[in-house]
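Following are the structures in question.
In what follows, chain A forms one complex with chain B and a second complex with chain C.
Moving on to the complex of A and B:
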């Protein structure tokens, strides 16, 4: 048994590391966090036509996400109702129907059972096929081309769930008139670390960058201008946002260029400058270009055009599914520059990716220790220096990117869900917390 | 049984590689492969599935459930697990309209021929 209030104390910045190792806590996370939250399923560009489908996971649950005839998207458990085999074993493609490869129960693209082999002879025509379709993901929301799903009827609407994070999400999702596209195919790899290390870092951690990634910066960027930019960006003020468990952090950039993707991408950004400013406003376009997590496990890095889901695989393992995202209809040379930047930096062998993976897996190794597992972690950076709506940036904001405010926010939401509080109770708690913060600030 | 021509649909109702199902009993479908149109029984002869929701390509239709494949010109089985051919029906295009004639007696006659070992072409 465990008591969440003992394990995580966001108001004091204290974390008991057993939350990263305990199998019982992990099982509770699957039920209380992942099965109740909105999880990223797919982007519009991955499902170009009717019957387009992909396999993904909602935590450990395999799901099929399928474009319907009417253009809508459905998702259902990739599990045959007969003996539980995967209904579809292809990663992605275009389907007319899905036939289980075990005994042949077949489903249409809406996830209805349409054929049972030997229905007359073996089932004596007594099976009610309408009752035996796979479990449907009951709620799916298309947010600007990003499809999210939840199993929980009680969860708030997706917009409410996103809350103030929408403003930061839009800096990525809404940047260009033509929208975004994902480079086809997810890049997948497995690392032996708890999913929260990765989700938290993408929500909240600029602090590791000058240390963990220092050698990578030296190796990657010959261009003194880029190096100066990186150094300048870390020296310059930044901001962090925290709300509803989500987080975003960034430096305040003086200009859209130079971008880490290099001159070909710079040329594209200069050409689209007015469009980007018109869509986002100059302040947001320049600033909100950093690290991000939508609670619990969907993250992206704007500077590297990488997007990923941290699929949990037990307390000590993550299956990372990552995509490079690109401005749709950008010139091929700009897309190429952007893709190369992603591959060099954040991909299985990317310079910065491997830095991060090394840290997370090493921490997980250390936590094999009996004493290490009981030794409290410090998450107090910037504690007590939270503000609200700083410079017009909505929500709980910090006047520096070097803070762990968003990490504490993530663990707060995690603890609220893990405690078994209803979504209604969490909303009321959050309202009270917000009022206290506002009273403190005024 | 009616043997008169009936209007099935317009040529623009069916994209290449698609089919249009008519709710006759049993149902038939009009399949389009390239600029050619074919009318055959809609139900796969292996398991119960509508071939209108199947893969149409190079004058063939492949059932997505178990990959049984049929010739759209003759109805002949081109791939297992189906073993019995699909019934074909007369079809004509007039202007932009597609007409079909479903003559089940003619089919029965053909089935007899089949049993007697008469030659059926395959694509």
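Moving on to the complex of A and C:
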């Protein structure tokens, strides 16, 4: 057995690395973290037609996400109720129904059992089909085109779950009048590391960029002077946000351009400048354009237009599913520039991404060691320098992007859930923590 | 019994086939030997180096399993970006290749067709084995379709287009930090 209070101490910035390796902790995470949180399922643009479906995962549970006849979206476990066969074995497509290929039970696109072979002869017409549809994801929320689902009836509403993170999420999701679309096709790969390394880095870690990604800048810029300019952006001031386990970090940019996607995307941004400022306000449009995680495992990078889910696959493995996102109805050249920026920087062959995977894999390998697993990690960067509502940015904010505040926030939410606290208890605890911080600040 | 005709490829001559195969082997050897700067010289300035993603679909939708030109990709490079990758790999700071991987490229089933333009479309099956650090192993298999343009160089060709198709959908590796 493990005691969560011993494993992570966010107030002291201490992490016991067995949280990344222990199979028992992992099983508890599936139950206490993933089955209770809001998880990303799909974006609107992935389900264009009635019957459009994709298979994704809520942690290790395969779910089918399907566009209904009335335009709504349903999600249900991709598991046949007869003997548990995977009902649909394509990654995506358009379906009229799903027929299990084991004994032929057939489900409609809403996930209702509609046909059982030999219903009269084998079941004597005694089976109540209405009782034997696959497990439905009971709560699905469409947040500005992003569908999230949770198995937990007790979980707060999605908006409440996001909390102050909504302000930062909107800087991505709500940037353009016409919204976003995903480039067709997910990029999927496997990293032999614990999911929390990736989720935490996207929540909280600007610190690794100059070192881990130094060669990425070498790839992007031939001219050492321009390279130095790009590196200079990291010397500029920045901010970080932490709340409800989520995190966002960014530099304070003087202008929307130059964007890493290059001149064709710059031209588009200049044309849409008014629109973007009207929707987000100038301060937010310029600043909130960095790394982000919505707890537990949905992340994006605004500068590279990449969005991903870190699907956990045991304590030592992640399946990464990533997408490039684009402004809908942008000119073709702008979309192309943006898409190429994503592919070339953040994909398993991307000149930035490859080096992230290398770090997490090596950390995980070292943790095979008996002594290594008991050797405490330091997550103290910026500890004690947290502020609130800095420059009007809502929530817990840090006056620099080089801090681990959001990482500590993520582990705090993780620990609260892992301790088996109810959502009500967590909300009360968070309220008390906030009052203490506000008292300290005033 | 109905006999369906199996399309017979328009064969190139033995000499041409031989020269194309030797070109491909020489290219593979440059990569296995980490001679990236010389390798880059084998590409035309207008090259498109592309590895689109693919998904598992039912037979009915198999024709759209591979992402199109506007879809998601692992690689979608022009010459300038290939040069950037080479700069990165030779910088000594590309941590996923520093220390470098050991690779072994196996090329087979070379099928060449001469086009009206005088260029050759060459399809080849590949298996790239990557060994990294202590015990890390990756295996990439698939098919490449190259457009080879005759050139006045010792090896006789330059690569004007490369489309790489992997046999996997989810890549069973942490990265493709090598060229395919």
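FYI, the second predicted complex is superposed on the first by the 435 of 442 C-alpha atoms of A that agree within 3 Å, B and C clash if a C-alpha of one lies under 4 Å from a C-alpha of the other, contacts with A are read in each partner's own complex, and residues count from 1 in each chain.
Basically, a contact is a pair of C-beta atoms (placed from the backbone, for glycine too) under 8 Å apart; a residue touches a chain by one contact, two chains touch by 3 or more.
A quick note: this is a predicted structure, and the numbers were derived from the prediction, not measured.
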For this session: Could you tell me whether chain B and chain C fit or clash when both sit on chain A in the superposition?
Result: fit
Exercise. With the two structures laid over each other on chain A, which partner does A:255 touch: chain B (first), chain C (second), both, or neither?
Worked result: neither
Exercise. Given the touch rule stated above, what does A:106 touch, chain B (first), chain C (second), both, or neither?
Worked result: first
For this session: Applying the touch criterion given at the start, work out whether A:115 contacts chain B, chain C, both or neither, answering first, second, both or neither.
Result: first
Exercise. Is A:282 contacted by the first partner chain B, the second partner chain C, both or neither?
Worked result: neither
For this session: Name the chain, either chain B or chain C, that contacts more residues of chain A.
Result: C
For this session: For A:93, select first, second, both or neither according to whether it touches chain B, chain C, the two together, or no partner.
Result: second
Seminar exercise, completed: To the nearest 10 degrees, chain B and chain C lie apart, as seen from the C-alpha centre of chain A, by 80
Seminar exercise, completed: Closest CA approach of chain B to chain C after superposing, in angstrom, is 11
Exercise. Chain A touches which residues of chain C in the complex?
Worked result: 51-58, 61, 67-68, 70-77, 81, 83-85, 87-88, 91, 93-97, 136, 169-177
Problem set entry | Touch list for chain B against partner chain A, complex | 47-49, 53-55, 64-66
For this session: Give every residue of chain A touching chain B within the complex, in rising order.
Result: 95-97, 99, 104, 106, 108, 114-115, 117, 119
Problem set entry | Of chain A, residues touching chain C in the complex | 89-94, 183-192, 212, 214-216, 218-220, 222, 319, 323-324, 335-336, 339-340, 343-344, 347-349, 351, 353-355, 357-359, 361
